[in-house]
Each structure stands twice: as structure tokens, then as C-alpha cells.
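Letters A, B and C mark the chains as written, and numbering starts fresh at 1 in each.
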Amino acid sequence: MSTPQMLSVRNLSIEFGGVHAVDDVSFDVQPGEVFAIIGPNGAGKSTIFNLISRFYEPTAGSIFYGEHDLLELPAHRIVRMGIGRTFQNIELFEQATVLQNLLVGRHRHMRSNPFREFLFLPGVKKDELVHRRKVEDVIDLLEIARYRDQRISDLPYGARKNVELARALCAEPTLLLLDEPASGLNTEETDDVSFWLEDIKHDLGVTIVMVEHDMNLVARVADRVLAINNGKVIAIGTPDEIRDNVEVQHAYLGAAA
Amino acid sequence: MQYLFKTRYEDDVRFLAKSGEKIRVGLVVLFMLAAPLMLQDYYLAELGLLLVYAIAGIGLMILTGFTGQVSFGHAAFLGIGAYSHSILMARAVPFSLSILITILIAGLVGMIIGRSASKMHGFYLAIATLAFAILIETVFGEWKSLTGGHAGLAVPALKVFGVTLAKVWQQYYVDLVMAGIVIWGASNLFRAPTGRAFIAVRDSELSARSLGVNVEWVKIQAFGVSAAITALAGALLAHQLTFLAPDVFGVLESLKLLLMIVVGGLGSILGAVFGAIFVSVLPVAISFLKDVLPPSIGQKAGLEPLLFGTIIVLFIVFEPLGIYGRWLKLRFFFETFPYYRKASFVRQKSYLKTERMR
Amino acid sequence: MLPMSDVIHLAITGIAQGCAYGLIALGFVLIYKATEVVNFAHGEFMMLGAFAVLTFSEVLGWGFWPAFGLGCLSIGAVGYLVDAQIMRRIIGQSQASVFILTVAFGFIFRSLAGMIFGWNTQSLDTPFDGRIALGGGIEIGTDRLAIVGATVVLVGALYLFFARTRVGIAMQAASQNQLAAFYMGIPVKRLISFTWAIGAMIAAAAGALLAPVTQVDTTIGFLGIKALSGAIIGGFGSIPGALLGCLLIGLIEPFADYYVPSIKGVSAYVVMLLVLFIRPEGLISQTYQKKA
């Protein structure tokens, strides 16, 4: 292919105590697309995300982001490359307010120096205001203004999902990893998610890789789909191709289907 | 609820956002400034001690309340501060320089502990800090040439810029200024990136990492800042005590610091101050109890740790947010009167999520 | 240099002491594995156990073995109640709060014991007061042998309990995933309280068996901190690792006290801090990273 790859995963494998959670997985993500990863529970979808985030050390394989070898970086440097993410079981800062959560999302763009901040020198205030403004843009986009000053622990589930997406966007990523963005949401909320994903893709120009179970959502927003089972790639293609793929149907419904 | 009509982003960044807060803080500051005119020396000295403990409490609060790193041995930093300041002062180092060096030493020791702490699992750290405190206490006792060992060490008189401040009110103002700086500075920290990174590490290391927070470095920073502030309190405490002995900085003192922040309310600067007020009033309450209780209980040794322990248990079980949490509820009650409902603050049910990776 | 016979003697005392730490550490690890709570009051369970046995056997004069059984049972009951009444209420609170809570328990128990049983050191007569010659002029007290024996027996018994019995397997399940275990019909709450009871009973047994060596007073609970240090050195996640660490501490201590008397009593902590500084996860490391 002549188009430059944004993310390229090659022969990625990881073992946990003899179990091949991810086994020789390769795929490429092109700039500007929505790339979905599907598969039954325990197929290794989230593990792939955790490998890209550098939470796990792969036993073999490589992950390149543009020219950068991600495996050379520690986990906290990944977002500086422009890769943001959300988590399957929402990982927000529970005892902090929505605003504080979103501001931590800006951390990648912040200077931090305890001495300056202890004295709250004028420069600190100036920086804070700049970031505050950026955060407000995201708050507007995802319509979470009414939660702004609430603590996360007081928020309903759906709102938490939105806040987590917002926090990831605050980092202004170029590639966004979304781990089940619609799980646990009702139809209406899922519709919202699909509109936002379109907005994020078109207006912000962010490339999206998402793990998702809801095939309707995947069919609606994804450009290409990767299906995996037992840590192995079983198919890759457009949503329609995947839907008609016999092996994918087997993986989901068992051999009898 | 008091609605805040924010019209500018500055409103979110300001030190005191609500008008009520400004009035309250103003009144407290006014009272503290005027205290020497109104109080007898005994009570003024107690108030000074309270301020010193508030500083120490903020030190531990930054580490345990905001960064989630439990230290069972924070009295060690209090001791390092007290001893290093006294030893330096005794060698004719000027007050401000001595304080500065003390803070730097403690901060450095804190960062070294923090370096290993950053790789430790939660309770390993708790035990390591406890062991560290026991060791430091042993060092104070054994390094006789420097610390005077168990015989003790006399603290030189408080002398700032060549002026001897021997009077109680003079010392009180030194404590007040320091406490003011620490409270203001610590609050600043938590409306800026460093403090937010601390909170992020406390609540979820995983997502903190994914957002670009260098978790190891944050823990080292938190330890450094915390140790430095606690050592400052130690240096001021030395002037209050006028005589240092190793066992002053023992396990019970560490527990007292923990008691302060738990009772005051984990995760708020104001909580540390409330906690300091609480531990200052506690001895009065205990001596009162000793008179009221039948002598068979009241006169027994061990009443103090028993009460310390019981109060901690009661607060953690029934009011995990401490006095600060009570205060929030009280304020909410008045602001929403008569619409307060018990359900406004119901805790959610939760179950243990394992932190072990499988 | 020490003469060889002294070295051997110190080593044997060290191993016996290490087993004592191991015996205490067993309870720590047990409760930790079931609930992920580190019970900092564990040493105080041991102290209470020693006092309970002392009261039953010396004050009431019921003889050592009945007193031993009763003492263990009553401390077991205390352990059960501590979980059922207090620990259960604070599930889901931050680990920091939980640590602080158990430390507070330690202080409460110590003060109460002092108030009830007195602050003086007392001694407990046990059936183990002889000495056995090992040849070469080296002998060992039967009290020490009893500790070694009890450690071996209890480790074996616990292994069988967790590997073979229904209750033990249910406990393992509950420790892996409380919610899932609950959905499978396992009475998670009761099991956890039961684990606390077993942990407390082991501690009480340790307290009584250690009594000839340590005597009985309110401060013997601090042995718990040493046992914890040992367990951490070895690696807290597994019982063999913890035992190994405790043996190591026990072996190092008498020699360190002999050669560096200025750190007498705290050498265990020096060793632990050194180990943690070099290997923050203990000698036998385990992955403790939170699951993503």
C-alpha cells in the first residue's frame, strides 16, 4: 500500500503464564479512519490496547507509530506521541471533579514545576487559563457542562463514560483508542456516541481505533474491522465483509452455527 | 446550594472562589493576628503548637491524603527537621539558612525514600516507612556526638535576623507566618498541574500513566514536598519543645500525625488544619475524662493510645471524610435549608476489586 | 571471629526464631490473600492470645493444653468479630484508610491488654521447658523445637485445607473475585470473617508457643512487624516465600546483633529496607500491577 501507515502492529504476541492472550497479530491503521476490533469475550482485544499503551511488555512483535517504535517508550510517554485512550471499566479520578479530571487530560501539554506552583507565580495562572479554555471546548463538544464541578463519584454511569472520552480528547490526540465506548449505554446514549465519533473523526481529524461489541455501532461508524478470537486474527475487512465472514460467525456462535 | 455564577475562567483558578469563603478566611486571619492581644501566654503557646501541627499535618496530607501513599513513619521527618535545625542553630547557622538547609536535607531524604517507594506495592511502603521511622529513632539515640543520644539535646534560642525572639508572642508570629505560607502554598499546588498529578496518581495510576503522568516521578516529588514541609514543622516544633529526645519522634507521634489527617478528613488541606485543632483539643478532653471516669479506668496508663485508636476507628467507619466532610455537610445543610435530605450523601455500595494482575 | 560452636548455636537459635516469625507471618499472609487487607494488628492478636492462654492456665489454673485451646478459640472469635463488625463496613474505602484502621486496632488492643492484664512482664509456664542435646555440646530448648514443629504442622495443615476442603477452595475463589464468588453462591462475607478467625487463631497459638522465649507483655505485638518485614523480604504473595524471608531474618538477626550491637533489635528493618531499596518487590517478586 502506498498510503502511509499511522499505526502498524506486526506479529504482536503476549503470553500470560502459558496462555497466548495475543498471538501473532498484525494490522495497520491508516490516518483518518475508524478502525474497529471485535471478538468474543477474552479474545484479547483489550490486551492489544494495553500493549499499545505499554502497560504490558509483549513477548514478541513490534508496534510502530509512524516512524516511532513504541516499544522503546515508557507508558507515560505514549500520550506525548499523540495516542490517547479510554478504558473498558472506566478509570476516572473518582474523588476529583470533572474539571480536574479534564485538566489532568491536558497534562501532556503542561509544564509542571512544584516550586513555581507553590508560589503560584503569574506564569502558572496564565498557563492554567489557557488550558481551562481548551478544556471548555471539549466540554462544549460532548455536552457535559452541567457536570463540570461535580465529583466523579456522584455521576451516573453514562456521564462517566462521556467524561472519560472527554478527558482523552483533552490531550488532543491524533490517534484515539476507545475500549468499548458504548458498553453499558442505552440506545439513545449509543446514538450520541456514534455522532460524537463522527465529529471527532471529521472535525478534529482524529484517527480512531475502537474495541466494541455493539455490531450496529461498528457497522455505522467503522471503516474497517479486525475480528480476533483466542488472540488470533480471523478476519480483516469492511463491516459488511466481516458480517458475512463464516469464521467470524463461528467464533461468535460456536462451530454449530 | 450556593450557586456560583462564574463569568470568567479566572473564577475556576482563584484561590478563594466563594464570597462566603473570603469572609470566613478573613475572620480567621484577623483572629489569628489579634490572638496575642487576647490570649494568655499558655493558650498562645498552645495555639502556636497547633499551627506547627497544622504544618506537619499538611505535610503528611500531601503524601497520604492527596497522593495515596501511606506513611506510618512521618514522625521521622518531624525528627529530622527538629534535630537538623537544632544542630545547625547550635553551630551558629542563622535561622533562615538553617531552616532552608533543614528543608533541603529532609526533602532529599524524602525523595530517596520516594524513589524506592515509587516501585513498591501499597502496604510494602507502609511497612517500609514504619521501619524507616524506627531506624531514624535508633539513629537519634545512638549518634550521641551529634544528637546527644537519649540524654537529649537542648534547642538554641529562636533568633531571626540577629534578633532573639524569646517571648511567646514573638514565637507565635513566626509559627503563624510559616503556617500561612504553607497553607497558601499547598493550596496553590492543588490548583496547578503538580497537585492534580498527585490526585491522579492516588485515584488511578493506570489512567494517570495513559495521560502522560510519570507516576514514579510524581511519587518521588510527593515524598520530597511532604518530607520538606513536615521537617519545617519539626524545626518549629523544636523551638516549642526547647529540648529534644529521640522518643519524642516515636511510633506514637507518627500515629498522632495519621490521626490528625484521618480525623480532619483525607484529601483536603483544610482537613489537616481541622485535624491539628482536634489533636490540640484532645489532651484537654483526655484530662477531663480522667477526672470524670472512675479512677480504676481513668487513672490507668494507656488511656491516650486507646482513645487515639478508638477515635480513628470511629471516624474511618462512620465518617471517612472526617471533620472536613462533616463541615461540608453542615454547610450544605444551611445552604439548602430546608431541603436537605439524608440521601444527599449516601455512600455507594462497593466490593473489593483485586489489584493483583492475573 | 566467633568459635564454630557459637556460630552453630547462633544459627540454630536464628532458625528457631525465623520459624517463630514465620508462624506469625502465616496469619498475615492468610488474611492478605483472602481479603487484600494487611492486618497490622496481627501482632496484637498474638499478644492477646498469649495473655488469654496465660489467664486461663495460670490465673484460672486449668492447665496448659485446655487453656491453649480456649485461648486460640477466643482470639479466633475476636478476629471474626473484628471482620464482621468493622472491616466489612469499610470495603471499598482506600487502602490507606484500611491500613490506618488496622494500625489503630493494634493500639486499642495494646492499651486494653495493658489495662486489663497489667503492663508488667509476666511469664507463662508451658510443657516445653526441657533441653535436648544435639551432640557436640550444642543443645536446643524444647520450647524452640515446639515452635519449629508447630510451624511445619500448621503450614501443612493450611495447605491441605486450601487445596482439599470445600471451604478452603471456596475461600480461594472468594479471594480471586469476590463478586463472581458471590454469584456462585459462596457466602463471601462469612468466609472472609472465617479467614480472619483462622488468622487470629494462628496468631494466638504463636503467642502462646512463643511465650517461654519472649515472656508475655503488651509489647510482644511488635514481633508482628518483624514477621511482616520477613514476609516482605521473601515476597508476600505466597506462603513459602514469606516463610523463607522470615527464616532469613531470623538467621541474620543474632549475627547482626553480635557484630553491630548499636542496631540491636532493629537489624531486621535494616535488612528489609536494603532489600526493598534494591528489589522493591521483595526477593521473590510477583506481579502486583493493577489489571488494566
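Here is the rule we go by: contacts are C-beta pairs under 8 Å (C-beta built on N, C-alpha and C of every residue); 3 or more make two chains touch, one makes a residue touch a chain.
Keep in mind that what you see is a predicted model, and the values were worked out from it rather than measured.
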In terms of CA centroids, furthest away from subunit C sits chain A
Chains joined by the largest number of C-beta pairs are B-C
Reported most central chain by Cα centroids is B
What is the distance, in whole Å, between the centres of subunit B and subunit C, each centre taken as the mean of its C-alpha atoms?
-> 32
Hey, how far is the Cα centre of subunit A from the one of subunit C, in Å?
-> 45
Between subunit B and subunit A, distance of the C-alpha-averaged centres to the nearest whole Å | 39
Listing for subunit B: what residues touch at least two other chains?
-> 202, 206, 358
Touching two or more other chains - residue numbers and ranges from subunit C = 289, 292
Pull out every residue in subunit A that's touching 2 or more other chains.
-> 53, 55, 87
Within their complex, subunit B touches subunit C through residues 64, 68-70, 72, 116, 119-124, 126-128, 130-132, 134-135, 138, 142, 202, 205-206, 255, 258, 262, 266, 297, 300-303, 305-306, 308-310, 312-313, 316-317, 320, 349-352, 354-358
Touching residues on subunit A, where the partner in the complex is subunit B | 16, 53, 55, 74-80, 84-85, 87, 91-96, 99-100, 103-105, 107-108, 110-114, 116-120, 124-125, 128-129, 132-133, 136, 149, 153, 167, 171
Under the touch definition given earlier, write down the residues of subunit B that touch subunit A in their complex.
-> 4, 9-10, 12-13, 15, 185-186, 188-189, 191-197, 199-200, 202-204, 206-215, 221, 225, 267, 348, 358
Complex interface listing, subunit C residues touching subunit B = 35-36, 38, 40, 86, 89-97, 99-101, 103-108, 110-112, 114-115, 119, 176-179, 182, 225, 228-229, 232, 236-237, 262-263, 266, 269-270, 272-273, 276-277, 280-282, 286-292
